[in-house]
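For clarity, chains are labelled A, B and C in written order, and residue numbers in each chain start from 1.
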Amino acid sequence: MSDGAPLLSTRGLTKRFGGRAACRDVSFDLWPGEVLGIVGESGSGKTTLLNCLAGRLEPDEGSVTYETASMGTVDVHGLSEARRRLLARTEWGFVNQDARDGLRMGVSAGANIGERLMAIGGRHYGNIRRDASDWMTRVELDLGRLDDRPTTFSGGMRQRLQIARNLVSNPRLVFMDEPTGGLDVSVQARILDLLRGLVDRFHLSAVLVTHDLGVARLLTHRLMVMQGGTVVEHGLTDQVLDDPQHAYTQMLVASILPV
Amino acid sequence: MPDTHDTSSSDSAYNYAYLDEQTKRMIRRAILKAVAVPGYQVPFGGREMPLPYGWGTGGIQVTAAIIGRDDTLKVIDQGADDTTNAVSIRRFFAKVADVATTTRTEEATVIQTRHRVPETPLKEGQILVFQVPIPEPLRMLEPRETETRTLHALTEYGGMQVSLYESIARHGRISKAYNYPVLVNGRYMMSPSPIPKFDNPKLDNNAALQLYGAGREKRIYAVPPYTPVKSLDFDDHPFEIETWSECCALCGSKESFLDEMIVDDDGKRLFVCSDTDYCQERQQADKP
Amino acid sequence: MLPVLRVSGLNKSFVMHAQGGLALKVLEDVAMSVAPGECLALVGPSGAGKSTLLRALYGNYRPQTGSIRVRHREAWVELVNAEARTTLDVRRHTMGFVSQFLRVIPRVATVDVVAEPMLRRGATLEQARDRAQFLLSLLGIPERLWQLPPATFSGGEQQRVNIARSLIADYPVLLLDEPTASLDVANRDGVIDLIRQRREQGATIVGIFHDVAVRDALATRLHNVALPGAQA
């Protein structure tokens, strides 16, 4: 077993909006190579939790620590903003549900992919373009579209571009917020398959928020079920889905339409 | 910079140099801060000026704050001393600040400019005041002021490199010809105002003090004398300035920035120096 | 041979919250141990909890109390209330599960579906594909189907793909849930041969075999499973 330290740890994480706790007392460890799913209905606090984990939202209580590649264990919310942003664009990725939030819509696909490289000092146009081309191919985008803007791309293509833009810097941890939400089922399948392959190939760790238990089954190793801001169940994905213990999880699982 | 309430100026209805003394002090404080942090945009309480935004209200306020009776003022617009804007501003200061004016770069102590840097090398003690329409170099990439400030604070300038990448991808080269972004003193990304990139190398390590004033956006920034100013580029697409196969039709210069003119209905073209003073000096020197 | 799988005091109930918290007791005080080279067949009437027990052994169902211990990386590992990564590691290296149904992954070629467990254990792509092709041909999957995703295959074909996938990695412990259901005789015999081979090589096997012929061919020992209360 790969022992050592967990990649990401959170303890007692609580975030309130006004008097209401959007997520309350969440604790878990994410180990290298693990994909953790957070499931629950809209409003259950999944996205708030994800944003707190990714350092995008300051929690009211609790801690998030991350084991960096080069500077040891860091307290994500104790880092200076400069360090945190550096971490976010080198060791982390963040895939938004709406690709428009994660892409620069006004510049070409190649520039979108190359941005992280340039942000960390890439100053050789030819090399940046070569890496961008490699990633276009990896996410199954036509190389002929390298200089086209994402405004001319379909929803599925934009999402694949967003994935490439995030993975080009070889992150170790990727946060995903409903990466296939709002896409056609056939387009979803392709993206899920792509993500699955990339996670395997690059030994990525990931935290994935979804309300789709099918997506969770396909992509995640472990699941946390959230209801009203608290984690009501936590376990191996197949345990949670095949032998749900909590009333809410049983209801979620029973609500899946059979195909 | 004499601070004075002397009412013997040519138009005593106004305070010396048009602005009240409080305002000038406020602007000078902003300038001092700008000089102390090269390339950083300092907000200032810009005043209404007797000309519309876009005509140099930022530059005029900077000039008004630094000018004194011993100064000699030169004003150029696109390199020329004789355009409406340049003439108006020069007359304005002659009237409200009682200063000598000149068209000769060498004689001037303060040069207010729109869109050019004079061809004649500047000397220590001279001050170049730029009129700036959009002070924020990152504005086209990021519309939110809070975010651009954060980007400057954290030196996150990847986005600017992205725009150059985009230019090469589209045109095969960096096509930006004006307002070409620069990094000042290895720290702040700066808009050099819409000067041609031909002038960018002149900003680097210049002996004169460069002050930039943006009236509408109420920002002042500066490049102190002998400060490194680097134009952005890629290792495999280095920064280059424009060149012309022609020379100036009037003075024969091959080194200056040339304007293209259509001189007749048949489309006959002529190239002449954009810097009228430089051109005239050369023409004078050639005469026996 | 010393056992590599030990179960003791295992209890499992399903609590149905939608039905007012109705508790359904399925396993009560289950104990057993299985050694290498043994094939333990779970027997008992339909609904007696054979599948539940098998799934509990794999860590898929979560027992309330009791112990399931397995030899893993030369140490005993407790699977009841184990951490997720412990169970995953046991599944990756020690325990394989053959079920009747293949969970299809969209767009992945059959040969790669089969090769995956071996790749995860560190084999090269070439080794894993070679072995996958060998197993697929042994199990009578026509070569023209190998590069297609198994989503559109018949039930029997999908099951054989699943068996190939479960057997490719040479797990020391194999859990079989009706491995030959819905297979024709020729294919069934192929699968029996493969499993027997694994047993003779020293694998520890626990299985459910409704087909008596299959059970007779493979089982070395029987284990009765009955619903709590129905036993006495």
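Assume a contact is a pair of C-beta atoms (placed from the backbone, for glycine too) under 8 Å apart; a residue touches a chain by one contact, two chains touch by 3 or more.
Since the model is a prediction, treat every value here as computed from it, not as a measurement.
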Chain whose average C-alpha position is farthest from chain B's own: C
Central chain of the complex, centres being mean CA coordinates: A
Interchain centroid distance [CA atoms averaged], chain A/chain B, Å: 46
Where chain B and chain C are represented by their mean Cα positions, the distance between them in whole Å: 77
Centre-to-centre distance between chain C and chain A (centres being mean Cα positions), rounded to whole Å: 32
Multi-chain contact residues (two or more partners), chain B: none
Junction residues of chain A - those touching two or more other chains: none
Parts of chain C lying in touch with chain A, wherever the complex brings them together: 14-18, 55, 59-62, 73, 84-89, 103, 105-108
Chain C partner contacts - residues on chain A that touch it in the complex: 1, 31, 34, 189-190, 192-193, 196, 217-218, 221-222, 235-236, 238-239, 242-243, 245-247, 250-251, 254
Contacting residues of chain B [partner chain A, same complex]: 141, 150, 153-154, 156, 158-159, 161-163, 165-166, 168-170, 233-237
Of chain A, residues touching chain B in the complex: 81-82, 85, 104, 107-108, 110-111, 114-116, 118-120, 122-126, 128-129, 146-147
